[in-house]
């Protein structure tokens, strides 16, 4: 029960997918979401999954929608550009095996519609107030490293990073299993407190736009981030509350007063 | 292993399903349950699921039954009325993915037997002693909003509500995925302490009966609520106890004395 | 991956299954296990499941075996007796959905080999030092109540009992779904501290032997209980330890010293 | 979604599989890993599973790979030797049912390619500073005991051991279900603090090389252990951190400051 509802089938050639789901500093979500808006990308599919939270969001005060991941596309317009698929969404999977199942579903789908390479975007929370925030890279294989060496990506930070959790890492890992290429771009962020970090997202976008040979007006980023952040924080808060409610039965051991939070069902 | 046992197949035309499973303030359970009794609805199917608690209830002191959700129906009797399916039950799913699976099973079933629209009923715990308790609405789409605008439903509270957890929200969200219409009615309730709120259920019933063009004698509601509440509270208490027992193994870390609660197995 | 390994297919006629898996006071385990020994029942099948703990037990110091449930049978020898299937074992399922899946597997199997009725045995922990310990009964339907009314079974305790968790309840509940008959016998036990209660098991055996028209020498019960208890307690302790280890990763948050328990892997 | 990616199909005759996945004292991982290196075993397959942690590791600072288990082989070179399959890897399953599913997948695979017997290697954490560290054995059946009696394996420790958790035990238990033979070798280790214990691994290797009629230069063990340990500890630390992040949503209840650890996503 992970379902992709397809609205239209874009004809893509040698496409590249940019993934930006919610995560550390929401850097991927912001960067990919900004691309969607600035490039006027067209939505062509929604993904729903039993591995997401069992709740619906309210949109425009009265309209409900299931939690979902969304697929957008933009066709190449100039030489040097490539057809793009953009993957954004409300949330990632709740459980470890759900992460694998949703990631496989996504890859099955985009492989079929012509995606040849993927770029996943995430954040690296350093916990430190570093003055210079780098963009750290990790790749599926040595040959792809060569291709991306010319950009200002730090490929020496692996030791410091160690591992990459969730969709950002798993999509790339499972994509590699299919003998496909990909790169992950991690924007360094303080990560404390956990808030959306537009600066780190901009750092990633700077490199990403060069890779994609596109030009994006960065001026609206701050404004858009504020709009997005409002929604993202809402989802986060709601997920935490919802999770508390779902697990309440198991956690609750007679303590009173905990249940005074506002909730619905 | 979510199974629907069908006793009889009612012939329904353009039917509307009213969902009222246990939840906040048990508003859905009370409202739908009262409709079942007052309209002398006929039971035609039971749903069992491995996603429910692994225990049986005792009925009449000596007869056991599995936890279940029940389907009732009432045929339209007058012009302006519609055939009704009423969904009530002992419990909702234990786990997030179970919520999705049970909801899909329910929708598959009712879609086949002629249900065209659904109304889910829940509660909105405000945590405040509001004097006026409204009924808040959320819909699958704009066209259904128009249809329900004439009733005293607050469609402006989305911001405050944010999300709807469990069957109330998920049935509607997954129904929308099938390009079907539906509405959710949330009765405002203090939600503290968590008890059945017959007044909030009555507020929902006031609107619901108008929507359905039916007349229901509300006088017996208080009495019926007391009867239902006894059973509902029992299930709640039992679920909590049972959950503690099930998770005991994982939680228990040498603390003694915790195990003195009455239990069976 | 719940598998029943069948060694031999007994020809059974109108058989009755007695279930006695570990549980409250280990009353079912002791009662059914004693029947297996005293009646020299023959083992004909083993059930293994991914829903059990992922570990093996050591038998005779050096031989390993997977956790399992075991099926034994005894053919009727005299008029008034019935062919018996006895279900005993090391453990029950770890998770709620596992409980449902294992129970369904068991019922599929025994229904095929000729079981017509089941008797599940469990304990009712009262938490009180009652002087008189009753045997409490719960049935699938009114017609089976009539049949068992003549035995000294308390069918009035439902209110007090409320619900029956795990295999004892679920086997009966799912059996009822197949329109089959069954009864559950719960031996009252103090339940504190949780130890094997041979007296409660004897109380159940007194009634059970009458139901089955068999005679069992009760003299060896105490001795056998001591032998069984040693093994049962070992499994319990091991399961708790193992569970702690399995969940250690999630629970562990920097506390040191907790890991000093003896363990293997 | 437990997948074995096969690079080449070795022709094996009457092969024996040595399992050494991470576990207590990492004794199996070290012993089997050292055999892989010293015997210049060839890798022929990788196993990936949704039951592993949903993250990727970074290799050489910039190359990602999914968590995996790896299959190597060495052909017999002299009389008295047997074809070997060596199973090593990054991790074991996260969940109980995952343990069963991954183990079954492994056994299905190795049975098909000619493995007739398995030796699993683990550690027994005694919690005591024993001066003499034994190697404890457990077998699938009496006939295999006879075969291994001549080696310095303690087959009398079952009582003390009780049970064997995870792949070490489960592979053997499920293998026995297939009417196949196998033995488990547990190196005694203090187990506190939990670190890689090269001495215990050497004790197991001493016996294992005799069983396999091979000669291994033990001099490089300490050096290799240091290399391996660095990686193993990293994975352990990462898994714990990752697990905390994954479960953070459920655990987190308003405590601040906990989230200051360095993480990515």
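Letters are used for the chains, namely A, B, C and D, taken in the order the chains are written, and counting of residues starts over at 1 for each.
Basically, a residue touches a chain if its C-beta (ideal position, glycine included) is under 8 Å from a C-beta of that chain, and two chains touch if they have at least 3 such contacts.
Just so we're clear, the structure is a prediction, and the values are computed from it rather than from any experiment.
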**Item:** Interface numbering overlap (same over half, different under half) for chain A and chain B
**Value:** different
**Item:** Cα-centroid distance, chain A relative to chain B, in whole angstrom
**Value:** 35
**Request:** Report the inter-chain centroid distance for chain B and chain D in whole angstrom, where each centroid is the mean of the CA atoms.
**Result:** 49
**Residue numbers of chain B (touch at least two other chains)** = 94
**Fill in**
Pairs of chains in contact here are A-B, A-D, B-C, C-D
**Prompt:** Can you list the chain B residues touching chain C in their complex?
**Reply:** 1, 3, 5, 48-66, 94-95, 98, 234, 237-238, 242, 245-246, 249-250, 252-253, 259-265
**Residues of chain D defined as touching chain C within the complex** = 23-24, 93, 96-97, 99-101, 103-104, 122-127, 137-142, 145, 155-170, 172-174, 176-177, 184, 186, 191-194, 239-240, 243-244, 247
